[in-house]
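Chains: A, B, C and D, in written order; residue numbering restarts at 1 for each.
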Amino acid sequence: MSTVSSARPAGALYWPVQARRNIGVRSLFLVVLAFLIAYGFLFPGLFSASGFAKFTQSWFPLALVAMAQAILMLTGGISLAIGPTVSLGAVIAATTMAGPLGVTGGAAAVALTGLGIGAATGFIVVRLRLPAIVVTLAGSFIIGGAALLILPRPGGAIPEWLSDLLAGDTPTAFVLLVAIVLLWKLYLATPLGLSLYAAGENPVGAYRSGVPVDAARVAAYAISGLLSTGAGLFVAAQTGSGDPVIGAAFTLNSIAAAVLGGIGFLGGQGTMRGALAGSLLLSLMISVMFFLGFTPVAQYVAQGLIIIGAVAIPQFRKVQ
Amino acid sequence: MAPLLAARGVSKSFFGNPVLRDVSIALQPGRVHALLGENGAGKSTLINLLSGALRPDGGTIEVDGRAVARMTPALARQAGIAVVQQELSLTASLSIAENIGLGAYPKRFGLVDYSALAARAKAACELVGLHEPLSTPVGQLPLGRRQMVEIAKALYRKPRVLILDEPTSSLSATETKILTDLLERLRSEGIAILYISHRLNEVMKLCHHVTVLKDGICTADRSLEGTDAAGLVRLMVGRDPGDLFPQWRPSPSPATAISVRDFSAGLMRDVDLDIRTGEVLGIGGLVGQGQEDLLLGLYGAIPARTASATVNGAPGLPGGVPRANALGLAYVPADRKREGLHLIHTITTNMMLPAFARLPALKLRSRRAERETARGLATQLGIKGDLARQAQALSGGNQQKVALAKWMPHDPLVLLLNDPTRGVDVETKREIYLMLRAFAAAGKAVVLLSSDTPELVHLCERVAVVREGRIAAMLERAALSEEAIVSAAMGAENRKVAA
Amino acid sequence: MTGWKDSAGGRRVMAILSSRPFLTVAIVAAVWIAASFASRGFGAYGHLRYLVELGAVIGLVAAGQTFVVIAGGIDLSVAAIVTVSAISLPLLSWQADPTGLAPVLAVLALTTIIGLVNGLGVALLRVHPMIMTLAMATFLQGLLIIIAGGSAVTAENPLVHWLGNARPAGIPAGVLLWVAVSMIVLTVMHATPFGARIFAMGANPLAAALSGVPVTSTTLAVYGISGFTSGLAGVLVLGMNGQGYVGIGDPYLLASIAAVVLGGTSILGGLGTYAGTIPGAILLVTITALITVVNASPGWRSILFGSLILGLLLLSGREQARR
Amino acid sequence: AAKCIKGDRKAPYTIGWANIYSVPTWMKQTQGTIEAEVETLKKQGLVDKLVVTDAQGDANVQIQQIQSMIDSDVDAIILIAGSSTAPARVIADACAKGIAIINFDSLVDTDQVTAKVNTDSSQWGDQAAKFLIDAIGGKGKILILNGPAGVSVSDDRRKGADAELKAHPDVTVLAETNTPYNVAPAQEAVTSLLFANPEIDGILSLGGALSAGAVLALDKQGRDQVPITGENARQFLELWKEKGLKSWATMQPNWLGAFAAYTAVQALEGKDVPAFVKIPLPVIDNSNIDEYLARAKDFPADGYIYSPYDEELFKKLLAQK
């Protein structure tokens, strides 16, 4: 309160820091916004409760796996096992929830599996210093095999009420997503969470500064596993059943969403909001192209162009 | 009184090469202790042992007179030991405040307490004269400011022992002044300070006690009382030093090497500049005023515009690095780790890269010729180390020499140098200065961007002082002095002209 | 006695023995020997020859992939390029050329151009390699819808047939092709300035650019090479199967990346060698063959496959720490 | 009226074709029959638009696209499901909205559809096993090639073969393998199995291009061909003829697509359609293979030679109980 130079109250640090982080993804936000407007224009039903609910439901699992991938890439890691982990989450949910474990027990089983797989992967990558990309490639076969053992063919069941709650006509998925994002912000506000960036970008320096680098990275893998099996649970609820190969496409899509959102490969670059925007763009694109009446060939071409465009346009602006 | 932190008879080797042999050092409260030695003498290794970043092969580390069984960075922090490494521990995507608090965030309910962090980080920043908003990502700061963040980060932890590894090598004169004043104050508060620098005048001014390392052996551990700079150099190199700066002689018949009109690039605006053959043209000013963009723009590494330009007789700007190289331009960056070297590649490969860049793409390489060239360059510049090792195993100063050496075989006509002597020991500095003058004498042009003002004064024909993206003053040889450069940099010159 | 290990020659031998490519070769050999005891017929010469022939396809795709990865990128469009090559070649089998060389060259030109377009996106538009090549793969899917099944011509190309079936001196032509390509690749990679530029770009693109490395053209070349070798793999796989089909390239995306990384090339770029990718490719087909003959449920086979890769990685795969 | 149909939809109708993946040749051919049928229906004034989506193999995307079809209120959806369970709920939603849903080829485990149209996968496996066991004289060593694991169709076919295999204890299964329904992976797997198993009496191949891969593998390793089952893939039929194989093949006719479109319109027009239309499995053997090969040039080289169809056939199929 005393001097003029310290006029900016010290407590106002958090929000400027947050605002600064938007700079890298502004143009992506604009592109996504344009698509949202186009979607709303093409399909006014979007603004009804159930229209909005369905829209967020189709985005939700992709949003989760994009987060799961992004958190790894922030630490300089990557996972090729996201898809099978989603499948595993789905089959565990579909085989336990309608059974003796019940919904709570099933959800706990799903969560523990995700955390366990993630932590184990993280331990192998971090402590044994093996390249994440091959460890998770090998992991994808192991996890996918486990899903096939639990449910050799699509089946199982999710209690009807849970499906209706998560994937009915109410925007529960959106509320959940908001909650997860808030939890993420909360995590990033913990010392361990904030260390993610330092551990990813400059592990040696971070270690010397007293950051528990290994713990931060293993924790990231565990959280990533949790998000992936969580996405699997949601997919199971959305479809009312389990399918041992349902997640296959999520591996590449999660990477695409994260990279589209400006997450770098070397660690420490990018933001979660970017990854979420990237996943939203991927999801929106499908619906918008449908309403524009694109043929499959046009869908493929347009999809390629949109993805490249969303990344290249900001670059052009930077050059000029 | 027991020293706050001490090493007793420590040794360390890398891959069987001894780097430190039976070295002892004791840091006393209220004393600024200098650690001197040539590049690769083992100074950084010693502080890594003191701060727990590395473990000694033999000997002990003592805190408050008690031996520590196993020093780790965490233990060191608990003991109040803070190390300023050269922009090594910063994270580009985090804000200044988040970097300063890294590893020691204030917490509330398990969360980072941003208001407490802001308050404490602000206090630390004010000590070192950092006035950028605390929310600025560190990646957006110029090198010198990052160094200040690194120092603020050390102060944030309220250390009892402060270790600084070449803190001033990327700082401008003003920033250096702030730092030396600060250190003096901290010392008077009873903090033990270990100070590494290759700038001997700073050491003379600031320090009370000196430990000198030579090839990993402690050759002196004594009070600085009654020692002069020449004496220090003698301690380091073991013989009488020559003058640091070579005799200045005018070069013969200057011609224009590079000429630009209304040149703009990055922060630089509307620059008219002629660079003559046979001269060393200095570029001075406070850090981050656009000096670097001037060099990069001329070099074709960033987009640049100009009304008219000739470069070594060819019209127009090069517009790209390969073309600039073909026109005889060579550039040595300041941030050697990020822009100069391929740390994971061997020293030989690093030295040969410009050659690889211009040779026909599919011509067969001759490993033997490469080894010989590299060996020749290493001898010429006194680069120590196995040339087949990765460049990251070199000490900082030797890395700098590699970044410079790689251009030598190409006999460039214009050398664009961005702080080439940063972190370089006095002997090597001398060699580099001699090379630069010899270069100019051979009728070539040298553009020397430097944060070391004495360097500009003693080496250059003319110094262009840059301020806010413009050349604020062009000081001719006769008018060159440290005061003139500093006052032009601060804007005094401008006012005089305006008046 | 300090021993021969300290002599110059001894040190070089030690360096080779402890290098990743050598370790991978040793692991392949060990797996082969172990497998020939465990499974009847595994060690038969014919089988090993067949495995190497299969490895040739992965090896060709992975040749381009190795270049791209060392240069600091990644190519996710290789699978689609293999398919495009195998599908479009039969469409081009015109009568005028009895050797069948012309259509092959035309297809290779096509796939090289596809690669160059990848390079353009990466170098000029500055699109992340993963995004650029993923988008390219998507484009090519669209292209495949148009060209696939568009004609009923089968691959009656003599050159392609020869590549896929002939065995001069008892060695499959595909393997000979692989050997030739490998020698060229190793030479270009390790014995030319072009190769050195690629390593430099991968290790530190900024420093490479400031040292005068022509980053744009080198990037173009690298992705062009990847398009070319993928196209070549498509031609070979077409010959081996007698018929191209949509999806024929699918297995080669992950396989090429896995071969590169198993061979010790850093996925971060700047470090590695094709000499490791070669045994890496053979290792992959070997493990696949091994899993095939194990009689277990699909789930267990998948688990076994993953565990084997992980186990072998533990033997050879420590990533170098870097700052 | 048929299930899901509500009276308020009027011709001409908009038909949504929710494809799971339009790139594979089988799918392309199927799409061809749908387009041809839609042209016919357009001429009759019954259809005015065909909306096509391609889920690129991702069952989650297919759900999203079906949702979009619901949102844009198409009159009918014909679909090949990317998962036998995943689209169940969204399909139920569509049904509740009065959209006619005809599910063919890969079916969904829900009865909230207007009709399902398919051959019997279990019967497929059973008949194939019967033929093979017969062909090897009731005893011997066989390999089983199957499509990808975790997918209902391949699992059903495999289960269908179980009874026959159990009934013949002298038939030993040397090894089983799962690969995509493609030539190259099948050829690879069979080659490895050939080396591991010097004696093989027959191959029970459960579809797609697996059989062609197996024949090529035997041929390339210089082994005698053995009795083998398969599908109507053109490459396989040509190899069959060329090598004089002892074979049997059935098919998943591509015109299931055309038939689904036809059925959708019939249902919308108020006709009663059966909840499940079982398509008899056509059998290709040495007696009729020449008929198929005679038409080969009309089909893509990597495609499937399907049996002829016309409206009469469709009517007959719909009339069956």
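The rule we apply is simple: contacts are C-beta pairs under 8 Å (C-beta built on N, C-alpha and C of every residue); 3 or more make two chains touch, one makes a residue touch a chain.
Everything numeric in this text was worked out from a predicted model, so none of it was measured.
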Practice problem: Give me the chains shared as neighbours by subunit B and subunit C. | Solution: A
Quiz prompt | From subunit D, the most remote chain by mean C-alpha position | solution = B
Quiz item: subunit A to subunit C: how many Å between their CA centres?
Solution: 31
Self-check item: CA centroid of subunit A to CA centroid of subunit D, Å
Solution: 35
Quiz prompt | Averaged-CA centre spacing for the pair subunit B and subunit A, given as whole angstrom | solution = 42
Quiz item: What parts of subunit D, by residue number, touch at least two of the other chains?
Solution: 22, 56, 149-150
Exercise. Please list all residues of subunit A that touch 2 or more other chains.
Key: 147-148, 152, 202, 204, 296, 299-300
Quiz prompt | Touching two or more other chains - residues of subunit B | solution = none
Quiz item: Among the chains present, which pairs are found to touch?
Solution: A-B, A-C, A-D, B-C, C-D
Quiz item: What does subunit A use to touch subunit B in their complex?
Solution: 6, 8, 10-14, 16-17, 19-20, 186, 189-191, 194-195, 197-198, 201-202, 204-211, 268-270, 319
Exercise. Please give the residue numbers of subunit C that touch subunit B in the complex, ascending.
Key: 187-188, 191-194, 196-197, 199-200, 203-204, 206-214, 221, 270-271, 320, 322-323
Self-check item: Residues of subunit C touching subunit D in the complex
Solution: 39-42, 44, 46-47, 50, 54, 90, 141, 144-145, 148-155, 165, 237, 240-248, 250-251, 285, 288-289, 292-293, 295, 298-299, 301-302
Exercise. Within their complex, state which residues of subunit A touch subunit D.
Key: 43, 45, 51, 54, 58, 61-62, 147-148, 151-156, 163, 167, 235, 238-246, 248-250, 253, 283, 286-287, 290-291, 293, 295-296, 299-300
Practice problem: Sort out for me which residues of subunit A touch subunit C in the complex. | Solution: 80, 124, 128-131, 133-135, 137-149, 152, 202-204, 252, 255-256, 259-260, 265-266, 296-301, 303-305, 307-308, 311-312, 315-316
